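The structure is given below, and queries will be raised subsequently.
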């Protein structure tokens, strides 16, 4: 599904990702953890080319993103992304936020896009907010809309970059709930998060990154209970 | 030490605090929890008059803050405050941040203020950062400097407003550690926080606020394990 | 419409006469309409020569531009005939004698052009013969000469105390003194310091209008029409003997 | 101080005419300036630095020199090149538009750049191409943010149109000067002109505040 | 187009003199304007709305009317009231300073208000009174932020000082007009003036960028 080979990424002279090798199988939920600045976001953003790749290869469903002939917009349709800051379009209502990309990119007719949008809103528990503007929503509601918006493109893979860390604590639960549901339905997911509870409960595999490399990866129980590397141990001692 | 009687606070027509009654005894650590917008910050800010009080009384060491004759700057010397956003003075070095108020308000000579400041920096584990500017510090380091700065005025009471919620997860620990130390030394503290671990371990009492009233208060173990009110139960179910 | 070509004085064509209407009493705006001696004179000339004209206020510098580009037919703006200008433009025969004169407050110690050199500040309109005359006395771009956009601002400057004298065409300042007796200004004449100047209607180089216009001007001078207009504006009779024929 | 109300009454119709021309000049210039400004702003935003250069030079020149020089040059030298004759109103509109365009280009660029990067990233990650993202996501938000500074530029234009009096365009200030020239009075014409300008700019500011408030609640 | 270099050479010393006066006018006005602007800015920030009103009116009037009206009024009417005679340089400095002060007052106010509220709260919570907090915490930060817009205002002043030519202050533009009046040439004097203004404003902008960069790294 996703195959990352010798991925390198530099900003100027600052090498942020150094030789990353990761494979994600269909329906797998991979959780990425690590200290701030370790390159987690950059890694995720390389998976749908929001960052240009400096070296190595990223294959999404067998297509090489680093190949110049690849139509990046086609690939992005297959890969949905949810950001820490929601990034809803503030000048459009909730349902318009969801309908925009299917209509403009996939040429779905408005009625069909709307029906699909309402269905997704029901799924995230917000069917009554279809006509509201993003500003009138709470953080948790915004993030659920953002998830619905990404799902509207019917992606095969979903990327989440700290989807709950901009939320008030009592709203974290409702967002994680939607993500758990998605995992249960078999979505392939790569999730950067500090929510260790979610990692343990939902993750098939946890990757610990530090300083631009994958330090350790394992099933959650093993990684949390028997970390092998010192860096992993010291990080986990701080956050658990 | 602190006595709050029938405290009311409105912003325009929006009544944010409705009849709050709370007493804090010397050396007690009181933790305030509650959903976003429930008035926790406002309550804390009323304790050192950063907000003008609409009704009721607040006594700090027997002095009535609502009495017009009270010199508010004198009271503030007794009450230190630490903010979510640190609010360090960016144009001054760490040690200057700490020395400023003692020198200008208490007229402490520069040398003495500096000696005291370095001592406090040692206490929060940052003696090597004395000459650094705030911008070069991590979030956790900034918050520890902010605590040292407040302590430099030798307050009898310390107020903390979500001191860890602007921090990356791996920096939360170092700040909570300093706060625990402070509690152990017998500082009277009122702490608004979402860190339930801290509340359980350090708090003498937990106050649950919602909609501008104190819904429930109790020792931490009781409140967390046997909440009496429905609102408390529902809130705790989301955040624990 | 305005004519795009010059020369042809075909009868049905309206000629475009351009002026800078900020030079009372020759041409100025009276509540938005261009009026003045030049205007009455021009209309009389046109009538005599059988031409249709339309007077447009375009400003001083554009006036030259328009004649250069031949987008206007006649420049009428109390324009002094001099050798420099004759190189680029044609003029009709002189129709007016002018001398630069000095406007000063009544109690001023300036009695002649020579007195202007005694550390006096003089206000003039930029790009006029008044300016040239003063620069002739004091030297080009002398610091004591203040150049303004128009004579109004120059006179205002003296009235507000910022200049000791204004040098401009006699008619302009005589008219001012007549209309503003309360200001207590007087006019000083100095024919040794300032040369006489003659105004002419200015035409594009090689304009075929010159002959017709000259003839009409001569007629007006002979039949007394010119004197009538002169008297109307300047309250005195003209001394035609001082006007050369060419 | 004695005020000569009679001459004020006499000049009232001219002040009115002048005010109308002032308003006309300002409106024409803001319209033309905005259209030009959009193009120049987009030009400056081009990735290719070489293509963007002429637009940067344009903005630098018009922002770095006094409007007074610009209006004199355009009136006496540029307009005659094209029309074959000077035309004060044309020169005023051309100068004010070209000058405003330089400022509006910057407003436009700032408006686009003020939109959070996350908006573009969200749109791109949904599969939209650059043009689609600009058109449906970035521009609608940027335009809304441009309204206050555009309104401000309009206020500036009203004031700067007074320079057209230098080339004898019969706008408000021109009649102020004419009145001063005819009666050699200073206070009446200039204070009157100042008050009229103040009324114009304040009314516009008032309208803009209301417009902003309406847009904000939308 | 043929350029008459001879007349440019002839006028070079005058352009030089004019440029020096332009620089002098601008420096004097930015200095006086800044001091006045600080007071007016503080005045506008006063809690008591009635006391703050005159300062608001001042700012509104000077920002709402054209500089051209202001300079004519001050030259012909206000300066003679005080000096008994006109003085173009004095009028230019007074007008430019008063006008700049209105803008600088706003820069000052915006600078203070741009400082995060948390800074004042932190200072107050440490026991400092309002004056102490302003002096030691708010103002040092606000002043640093004011430097870029103040520099910008300086650039504006250089350009606007060209209006002093209307009242015959012998600055750069005055000599441009004098040259134009003498030789009836348009391009040479005005393009020369434009280039000199451009050099002045670009040099200043360059210096300001360097200053900002140095302040940023401090």
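The first chain written gets the first letter, and so on, giving A, B, C, D and E; residue counts start at 1 in each chain.
What we mean here is this: contacts are C-beta pairs under 8 Å (C-beta built on N, C-alpha and C of every residue); 3 or more make two chains touch, one makes a residue touch a chain.
What you are looking at is a predicted structure, and each value in this text was computed from that prediction instead of being measured.
Trainee: Moving step by step between touching chains, how few steps can get you from chain B to chain C?
Mentor: 2
Trainee: In whole angstrom, how far does the Cα centroid of chain D sit from the Cα centroid of chain E?
Mentor: Inter-chain centre distance comes to 20 Å.
Trainee: Roughly how many whole angstrom separate the Cα centroids of chain B and chain D?
Mentor: 52
Trainee: Hey, how far is the Cα centre of chain C from the one of chain D, in Å?
Mentor: Measuring from centre to centre gives 37 Å for this pair.
Trainee: Please report how many Å separate the Cα centroid of chain A from that of chain C, as a whole number.
Mentor: Whole-Å distance between the two chain centres: 83.
Trainee: If I count partner chains per residue in chain D, which residues reach a count of at least 2?
Mentor: Counting only residues that touch two or more other chains, chain D contributes 76, 166, 177, 180, 186.
Trainee: Counting only residues that touch at least 2 other chains, which ones in chain C make the list?
Mentor: Within chain C, residues 61, 149, 153, 156, 160 contact more than one other chain.
Trainee: Pairs of chains that touch, anyone?
Mentor: Once each pair is checked, the touching ones are A-B, A-D, B-E, C-D, C-E, D-E.
Trainee: Enumerate the contact residues on chain A facing chain D in the complex.
Mentor: 48, 50, 73-74, 76-77, 79-81, 83, 85, 87-91, 100-101, 104-106, 146, 149-150, 153
Trainee: In the complex of these two chains, what residues of chain D are touching chain C?
Mentor: Those residues of chain D that touch chain C are 10-11, 13-14, 17, 75-76, 80, 84-86, 88, 166-168, 170, 177-178, 180-182, 184, 186.
Trainee: Looking at the complex, which residues from chain C come into contact with chain D?
Mentor: For chain C paired with chain D, touching residues are 4, 20, 22, 24, 28-32, 57-59, 61-62, 65-66, 69, 71-72, 149-150, 152-153, 155-156, 159-160, 180, 183.
Trainee: For the complex, give me every residue of chain E touching chain D.
Mentor: Touching chain D from chain E are residues 60-61, 63-70, 72-73, 76-77, 155, 159-160, 162-163, 165-166, 173, 176-177, 180, 186-187, 190-191, 193-194, 197-198, 201-202, 205.
Trainee: So in the complex, which bits of chain C are touching chain E?
Mentor: Per the stated touch rule, the residues are 61, 64, 123, 126-127, 131, 140-141, 143, 146-149, 153, 156-157, 160-163.
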